[in-house]
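Chain lettering (A, B, C, D and E) follows the sequence in which the chains are written, and residue indices restart at 1 in each chain.
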Amino acid sequence: MSILSLDKLTKNFGGLMAVDHVSFDVNEGEIFGLIGPNGSGKTTIFNLINHYYTATDGKIIFKGQDITNKKTFEIARLGIGRTFQVVKPLRRLSVEENVMAAAFARESTFAGARKVASEMIDFCNLTNVSNMKAGGLPIGGRKRLEIARALATRPSLILLDETAAGLNPSELDEAIDIIKGIRDKLGITIIIVEHIMKVIMNISDRIHAIAFGATITEGPPAEVAKHPTVIEAYLGSDYKMEGQNYA
Amino acid sequence: MLKVNNIDMSYGDLQVLWDVSFEVKKGEIVVLVGANGAGKSSILKTISGLQKISKGSIELEGENIANVHPSEIIKRGIVHVPEGRRLFNEMTVEENLIMGSLYGEAKQKRNETIEECYTLFPRLKERRKQLAGTLSGGEQQMVAVARGLMSHPKVLMLDEPSLGLAPVLVQDIFSIIKSINKQGITILLVEQNVQSTLTFCDRAYVLENGRIVLEGTGQELLKNEHVKTAFLGI
Amino acid sequence: MKFTKILIGLIAVGLMFSLNSCGKKETGPIKIGVLLPLTGHQANFGTMEKNSYELAKEEINAKGGINGRKLEFVYEDDTGKPDVGRSAAEKLINVDKVPMIAGGYSSSVTFAAAAVAQQYRTPFLVNTGSVDKITQPEDFNLTVNDGDKFYIYRMNPPVSEYASGLESLLSEVVKPKSVYIIHENTAFGTKGAKSFAKTAKKLGIEVLGQQQYSAGTVDFKPLLLNAKKANPDMVYMISYVMDAALLMKQAREINFTTPKLYVGAGAGFTMPAFKENAGKASDHVVSATLWHQTLPIKGAKEYYDNYVKKYGGDGPDYHGAEAYSAAYVVADVLTRCKGDYSKETIKKALDNTDMMTVFGPVKFVSYGKKIHQNKMKTYVVQWINGELKLVWPKNLANAKFEYPIDWKKVWAE
Amino acid sequence: MELFLQTLIGGLLIGGLYAIIGIGMTLIMGVLGIINLAHGQIMMVGMYLAWLFWMAFGLDPYLSLFLAVPLVFLLGIFLSKYLLYPLIEKDSILPENQVLMTVGIGMVLVELARFIFSSDYRSVKTSYSDKTIMLGNISLSWPLVIAFVIAILLTLGLFWLLIKTDLGRSIRATAQDRDAATLMGISSKRITILTYGIGSGLVGAAGILLLPIYYLFPDVGPIFTVKAFVITILGGLGSPIGAIAGGIVLGIAETFGATYISMGYRDAVGLVIFLLVLVFLPGGLKQIFKI
Amino acid sequence: MEDKNKKSPFVTKVELGIIAFAIILPFIFDSSPYFQGLLIFVLMWVILGTSWNLLAGYTGLVSFGHAAYFGIGAYAAALPYYHFHISPWWGLLTGGIVAVILGYLLGIVVFRLRGPYFALGTLASAEILRLIFGEEEWLTNGHNGILYMTTWVSKYPYYFIALILALGAIFSVKFVMRTKAGYYFLSIREDEDAAQALGINTKKYKNISTVISTFWAGMAGAFYMIYMGFIDPEVVFALHNISIITILVGIIGGVGTIWGPAVGAVVMVLVQELFRSSIFGLAPSWVSGMHAFVFGLLVIFVILYMAGGILGDWDLIKKKLKFSRKVETSK
């Protein structure tokens, strides 16, 4: 069953088509990968889903409800959590406080928020640094904090934006475990944007590839990886594309 | 020409480069390839002095230039054409070019160099009085490259010049890079457009998570399966 | 632990201050508090008044002081802010334990400090603060019959009477039909404008317009043009010295030659700096004033000369004379206390004050809503050929009132 | 009609002076990204210097532009180098700590002036101080006209600097993209410090131009600080052309406000325009002119 | 600091000590109403500084126009008295509420602005109010101000009212900072975008912070009227003497700390008064001219070397002091 559908979603930045009639459906309980070269519009799609940008055209349906013009915080309340590509820790707050601030979205009591926070901190292996100021965390920790925070809002869908970028191999494995756990243990649907193909190809159930804001293809990872246009988009090509206008 | 020895670099408390070493010989085109966040741009930033290294050294023609102020680096002959072009949008094309030649010899030869750039990029001559922010992406990239050339660099560092350009323009940019190299300028290129760049570069290094994992000539790496894995995860 | 230490320390400090105040010496100087703006943007006048107090003090002490004891003034800086003025007054009363306060420059600070003095039943001799309500008991929750409970005394006239000398000049000589009022937007300016409008009504002069301006105005021409358009017989201005000069200069620049008279309401228009800055435009301008060194009052000229000798500069204007005279009133009052320098005795002595100063006769009387108010004449001066001459009242005048005035000729290059 | 024209021209002339005050602020805002709440106080310093030269050597205020303005420039360099620039690298909860630093600087400058010169009003009286020119029925104060002309010359000079010299281009480049400018070999530190110096010099010059027609005391500054930021927001951050337009618009709006509404609300007119612009035209006039 | 995981009591022992101390304090200076008066000023600045700190230090909305709320609070107490002889004491009820209403109305305009624009917007609003209250004489008696003969000579009642208000302000901030709203304020300060993504209705919580902050600023204003007995627009809407000094009180004590503004208020009033009175007459009189100068230098020093303020950088200061006293044993 589809939890989120984009219907011909379009964003135009002063003439530049950043997102060009993109449509896809994400099923409940799946890990949905969104790939595309730098600047192809992945993060813009995230920003449209939780309404940092207002869509020029098209619709976003979440659990059967049109959320295209809902406010950012309302969308978060409805159950869409997200992480940021450029991490946005609340720097002067401790890790625990960061996560608690998020947990208050569903918990009104202090104790409740603290409990949710400690669960999520534990889930993201941050327990030993939970009293540290978020600004002092290393990158791996910050990335996990982003996830913990998003999870603490108790979402039913989470948008992960380049959660693995900049991590070293051991951190990377840890991140993959956590991401898998989000779906397997917490039962949360995931849309993931990732450049490290090792990650995205391994964990995604389905992948949607875009370039220049428009859809190239969608399908299981192995299929998408073999798709000539995808390879070309990623690795560049020595031949001119025919019949496609990228201007 | 340019030698990077065992450098570590961190943004505040987060380390992004781990023991990176590589070399660019005179007259070469060397490419750094790798996924987003692998540390390619960070390497260029350390060389151009925008970021300080915590370990290792960077040598230009035998002289250590690590942690030298960026304004000094450009005078020593290394120029960095940054990712996303970073033009001065509220200045004209010609003013942007002038900004590339603020010091020393480059300043004296400014007018000649501008003419040379216009021969290289005739499009820019037509638009010399136009504000850079109003140009198309391809034209902006031309300005960025030309602005880099204005300083008469020994080494030209380009950070993803093909980013956001249509394939036709990508090929144009690459052929321009080749012709600049033929004029005797050493080139250090960062690219995601692996297929094309590996075909024309002399040598390349593959980065993963802030470390160099592979090196070799372009042709060698093109055949290497690891490259594909690194990018496509297959 | 730490707290007990701090606590003990503070108690010690507290005791020190209370002890300090216990050490009264019966033969030492008599200390009287003086509240003035010595820093902040009114500091130039505050300093002029302080200098005058000091000048008077030296003269008084040289002549033997107060019943054999020296007179000393304790100055507190009110910085021109009412809240600071309030705590400064409290400090004078509570820390310095002065039995009497003098001074008070700006209206708002004086008012706030007067409330403190009244509450502590400490006589306060105001010498400059000029809003009317300072000597109106009703503003202090008292009535005019509560003279024995009211501790505020004022030597200078209230702002509503600044122009009283002018009234007779206008009604007897100039007889203008209309007036245009320009004033700065301070308490002094607005009150002054209001009371002059009342005066005008009384004299049957029509007020054609009333405009105010705020500090920092460079270009007065739009305002003056509005006035010119109204075509008044007379222009009445309440401004400090630099704005006064700008107003006259610019009136000349726009050829505003139609009024019979340009009148300044004291303050800026009598100062030498006004003449210097306005140049030719200052000539024949008339100003109401409270005092001028050429007045035929004993000691006025001497005071002026001594001041200039000692402190140099342009010399004092009426502010300085007020302060200088206030110091003499203080000395007179204290002398009449005959050794009992308690607040109540001083108050009684103030009630009975009747003396002559360089500022004119001083006697505190009741009239209208006011009590403890010194009622005095004000004067009219005129700039004639670069010199400020006393032209009204006629019997005191040292020059003939130049009138009528042909501004075109006066202002010609 | 006469009233209207006089108001218009009066506003225009004052606006010319406001413009250089505003350009100084806009440069500082563009490059340093801060509101300089010491702007008027620095202007006060310039005025005192000119006054001092006039008192000591009888130097004409217009000539002391050449002497006092460089000194004010150096003062600006000193302030930015030792007090403002070091804050760029400091982490603080309040991103506005540089702004607050300018408050501290302003307080210290005013009190120093008061200590040295006392609170007395000072003025410079020149032979031309009260000369006027008549254009029909419109009277123009000669010093205001001179000030306007010099303001135009200064503005032209500044434009020449900004457009034709490498230094000026470096300033614009730094304002537009600090990192990219660094890559061009520009020391952003040097430019930042210089810009504050130039901004200070400009507002100092404005003060000196005002001197023959106005007066001087330690607290003369704050009113002009307020005007400066109104102009800057009006014109759009970092836009010298915007600042000129903003200055003239403010000058005219103020005098019209004074003529046709009430003199007391003269300052309020500027502030209301300012709030309207802040809310409805956040880019300022720059958005309209595109420069 | 104590163990973070154990929730510390709402009122700590140290705070109880401070409160007890504050209660005894006026009695120590029983013989000197002047000192008691200074203490009352300190408390007034504590209220104002704490109010500003909630908005700026905890919520990241750096107001440069707190005089607007202070002034409106003062006039809320003064105007009914001026027009209808209703006691200004009612201002302790209405002052805060009127300020909250004004805060909400101004919020509609200024919350559209961010960063330096917000600062300028708030500054301009306070200035406009100052001009209006000076100009509309029929309503406010203009620049003549409003005078009210204060109720008591004794400082004690005023001191304790001010103390109650100050503690009310401090502990209301402390309380709210220990609730969900407090977490939200901090989130908004640290990163408004991230806060929205966490489901925080940033606009609503900015308004909540404004309500609490403006309430106390209004109460401080009303108290000022009742205690001082005299206000005029130039005094209570002052850009420098109120708005800016409020900020300086905050940064000197420590932005974003509960007790910081209290420390700042003590330092500010002490420095001002020490110098204004030439260190109680011990120093030559020219020293008294230096109070604003010294305060300016102090501001420069604090910003340059103690960005967190006295309380915010307390650990750092302690360490420095220790080092100079004795060589610390290595950790």
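Just so it is clear, contacts are C-beta pairs under 8 Å (C-beta built on N, C-alpha and C of every residue); 3 or more make two chains touch, one makes a residue touch a chain.
Quick caveat, the model's predicted, so the values are computed rather than measured.
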item: Path length in steps (a step moves to a chain that is touched) from chain A to chain B; value: 1
item: Leaving out chain C, the still-touching groups; value: one piece
item: Pair exhibiting more inter-chain C-beta contacts, C-E or B-D; value: C-E
item: Chain whose Cα centroid lies at the greatest distance from that of chain E; value: B
item: Inter-chain centre distance, chain C versus chain E - centres from mean C-alpha coordinates, in Å; value: 35
item: Computed distance of Cα centres, chain D from chain B, in Å; value: 42
item: Gap in Å, rounded to a whole number, between the CA centres of chain E and chain A; value: 43
item: Gap in Å, rounded to a whole number, between the CA centres of chain E and chain D; value: 32
item: Residues of chain E touching at least two other chains; value: 131, 134-135, 256, 289, 292
item: Residue list for chain D, restricted to those that touch at least two other chains; value: 93, 114, 262, 264, 267
item: Numbers and ranges of chain A residues touching at least 2 other chains; value: 92
item: Which chain pairs touch, all of them; value: A-B, A-E, B-D, C-D, C-E, D-E
item: Footprint of chain C on chain E - complex, ascending; value: 17, 21, 24-25, 28-35, 37-38, 41, 131, 134-135, 137, 142-145, 147, 149-150, 153, 224, 228-232, 234-235, 241, 273, 276-277, 280-281, 285, 288-289, 291-292
item: Sites on chain A touched by chain B in the complex; value: 37-39, 136-139, 142, 162, 165-169, 172, 195-202, 212, 221-222, 225-226, 231-232, 234-238, 240-241, 246-247
item: Chain B residues touching chain D - in the complex, by the definition given at the top; value: 48, 50, 69-75, 79-80, 82, 86-91, 95, 98-100, 102-103, 107, 147, 151
item: Chain B-facing residues of chain D, complex; value: 166, 169-170, 172-173, 176-177, 179-187, 291
item: Complex contacts: residues of chain A adjacent to chain E; value: 50, 52, 71-74, 76-77, 81-82, 84, 88-94, 96-97, 100-102, 104-105, 108, 110, 113, 131, 149-150, 152-153
